[in-house]
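Chain lettering (A, B, C and D) follows the sequence in which the chains are written, and residue indices restart at 1 in each chain.
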């Protein structure tokens, strides 16, 4: 049995993770932390949850675990990762702390000095579909952001084929859980319901450098990205409508580039004429995508559940590969 | 023209009020206050709103107004009311401060010593349909709570006829704007959407003593009330399902008691076989109700918009009567 | 392995059932029927669903199955049950056809002559918590309605103790999936969102005779029920606020009557001061309830997911017991 | 007083229109038609609506009206327009029938032979902001589609300046009322809530030729449009995120092109750094837009209420101009 500790178990991502790991046949939950609810058990907060004791982060018994999941704010995650690695644990980080390879980029976009820059190189960027070879030996895995997961899976085949001929636009729409559990004005039910609002569009959102970094892994000559996130009045799910200039290449040729996804357990490319929707994916670890070619542009609609394939689900997918389990365990 | 000042113009109720008064043909807005947004104009916060300057409450130019509306927290409202009355203004209070006649009851339920107990007797309880005679000469009007409005209009005819034979149950459901604009955990979109939750049920909600006080005006021998509020995943609207034990009296006789409402501009009693819904009333100042008699029980379903007939709309309805205007001005 | 056939696999209940059974370690899906989608596979309709072939009901290969689940309209279900029983299968019916023991009551409320009245006596009423002894040998199980499940679990301890002293009121609120998948005017998104509407209140809903039948099993002198269903703007979940007159008995004594539920895997009685909410139960097979005593009345708030504990989940719970499996298999 | 007849008064657009016209100080409603509800009055269907009698379309007393509004399906609208014009009335059509100037384009996209092609030339395309000079003398006005209104107002200044250098992308998101009131599978509450779905993306939606036609009026060399509509889980509102390639022109220069909108009563261009949202515009006749320049691309976010500025509101705005009234009457 894998003994797993969870840091930050009472946020939206952490709570999803607890539920998956609690049912996982090869995992026991070693501990779960929560600053706000320390001293209580999880079922006191949510009656149908398991009766797991919640401890303060500083009291987490690291020696009782083989691996830890970090559902913590950036900077706090890196500090905890160092502590866990020093204790000999394998770390699966769901924060932004180890996604970017370039420390200056991190410092500029996150407004803090990175607490552990020496680890950036070692960290494996855990988009499972591209990280499978590195995960079995990884000590530190940086799970991708939710928006990046939806966009990167959409553009990967085209970029790897070197077919993108100009600026790519990702017009993305996310459910409100992406904004976290701490209440804010714009996540108030009265403000978010019946509403739809763009934010940080253009090149202002912190997921932009993360997406462009990986785009360059796919294609060193990858074009720039314009990234337009919007807030949807739904609790969960992301749908990205991605516009990739590809010139005269025909749709059949482009579609062929996506056939490697046929063997992926969590990626579904829809037949021509169908489009991806949030309903296809919420409460699952799947990514559903669809392809439409028109006027020199490939439009990829790509949908995931931001809390699962975009966070807790992909983290467990990574853990499964790291520990030699069937990658789909407890995720189908 | 009536010169009206609005205290607390950027909460949900205050903002509704601004919009109604801004269109009202007999009103000019003298000033509007907001602690959070003082120094800005309303259209800077909400682009299609009028460009009204927002000032701090303490800077409100009372001498520029004939009347003030108070959309303030309890206790703060009473203090402001005193200030305005002393300046010779007429006060329309939307808080709970002047609804209860008994100061001990107020102190016990609201957990503070009432700031101006001597005014309690003078204050007119502004359920417009029962206050019309007093409003033209009133200096101080206490607009009813949202739940009380929906329940009291439902039970009034039966209580006045002395026909209620036992404990009345009001099972009420309110939209999230009733919880105010300040963000809280339970008003977070992710917590409130797809959810439905009872709170303070039984005899614990602050609107209970207010409702029972007026029930006793209708019938000195009125029975007790069991009041069960629930939070609905909608931004606005209240529907109360009220169970009144009435014994063997038949439905036609009971229905006759509601015929005085036929001349009310804002009350609609539906024909037999129909039921009230939120959709009938949201974004209107109407109260729609329906009657069903079964097994010795009259069930009244009663719907209002909590921000209009339950707050800002009824406040303007009261103002219209206070100042000798057509009661329905700008409300139909 | 249990070979299970599903009649009506593309409605909301049938689709939930397919998903549970597809993951169930002791079940293989023998066939699935759909009149509208026959000839297609389920993943053609919903891309992340299993690729199960859909056949017309009349083409269902009964001899390939050990048991069948019926997610069919009433009357159609009974006819199919007869066919399956004659083929030697065990039948788990999710329709209303075998819930009522009295054929006249059925005929009156459902407006058709019952197609198989001789089976009514044999059918086991599958509220699992009261049916466990009968299920292992049952040939025909009638799964309870969604509203009845939420109400009956709430009133059972009080009725069995003979403590209900007068008419019980169940003010129930259900998500829109309870109205079925066929589009109707009142289930249109624009009509149902931002709305809340009572329907068939009093003693008019078809679930009333079902609930009262079982109330009389609990207590031959059970009082009448007033039942007020309302449509909530959520896709799934039922919360019933149940008012049971109990006189002077104190809350501690009443609460003791619910302690047998402590050993139930799917029933959670909350500590004093907490209340049940939809969020506690949606996407689970749990029933969460809470007790509040006030003014001679016990108020039980009782929440379930209408598609799981109120339908597909309870059906599988019944199957687990019928076939000697752990009752909670694939349901926790 | 203008005597106005309304064809199709019980759909979403028609009902909005009735409510505006009923309050309009210079209008009396001459008649209202509804095939489904003929013989009833509007308040029998919706209790707080005015008690207007509903007649069948063929029974509409044309001689009692000065103008008619057509909220009818395409083709049916054109036939009714002919009838009304022959009776000497002025026609304000909210259908698609007179928006396109080219009859072949109409026939191809709408799949029917146009019933009155000779009128196409005469019809004034009623985007009020560009039609003001023609409206006072117009006999026949074709109100624009909802999506076109949101997109055309966004691109007009750039196209008129001849600055668009390549394919424009309009990624548009609409509330469910845009799909009409007749219930369909995809407008079922359970399918549409918690969901978000693209449809007819690329160059497949019927509003594409309408938008491109007007784009060419703005700029004979206008580029092509890629148009991606999506269904939002809200009842009303459209937000279009429009990507216009403009090369190196700086944001200040581009912003200057939008200053003519400063005098428009219903168009609000937000200051730099702000973005348009649905909440800004729902239940109003306003269009709120915002400009963001990045990487050679101007991103315009443009929001309207699809039932108001996108339909009934703009129709009344046109009527106000046609009849010499203040353009904003009953619309602010």
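Definition applied: contacts are C-beta pairs under 8 Å (C-beta built on N, C-alpha and C of every residue); 3 or more make two chains touch, one makes a residue touch a chain.
Treat the numbers as computed from the prediction; the structure is a model and nothing was measured.
*Asks:* Since chain A and chain B are copies that touch, just let me know if over half of their interface numbering is common to both, same, or not, different.
*Replies:* Over half shared, hence same.
*Asks:* What's the farthest chain from chain D if centres are computed as the mean of the Cα atoms?
*Replies:* C
*Asks:* Rounded to a whole Å, what is the gap between the Cα centroids of chain A and chain D?
*Replies:* 39
*Asks:* How many angstrom lie between the centres of chain C and chain D, each centre taken as the mean Cα position?
*Replies:* Chain centres of chain C and chain D, defined by C-alpha means, are spaced 46 Å apart.
*Asks:* Indicate the whole-number Å distance between the mean C-alpha point of chain A and the mean C-alpha point of chain C.
*Replies:* 37
*Asks:* Mind pulling the chain B residues that touch 2 or more other chains?
*Replies:* 191, 193-194, 233-236
*Asks:* What does chain C use to touch chain A in their complex?
*Replies:* Listed in rising order, the residues of chain C that touch chain A are 23, 46-48, 194, 268, 270, 274, 280-281, 283-284, 286, 288, 332.
*Asks:* Of all residues in chain A, which touch chain B in the complex?
*Replies:* Interface residues on the chain A side: 12, 175-177, 181, 183-185, 187-194, 233-236.
*Asks:* Under the definition above, what is the set of chain D residues touching chain A in their complex?
*Replies:* Interface residues on the chain D side: 167, 169, 171, 173, 191, 193-199, 201-203, 224, 226, 228, 230, 232-237, 239, 241, 243, 275-279, 282, 292-297, 299, 301.
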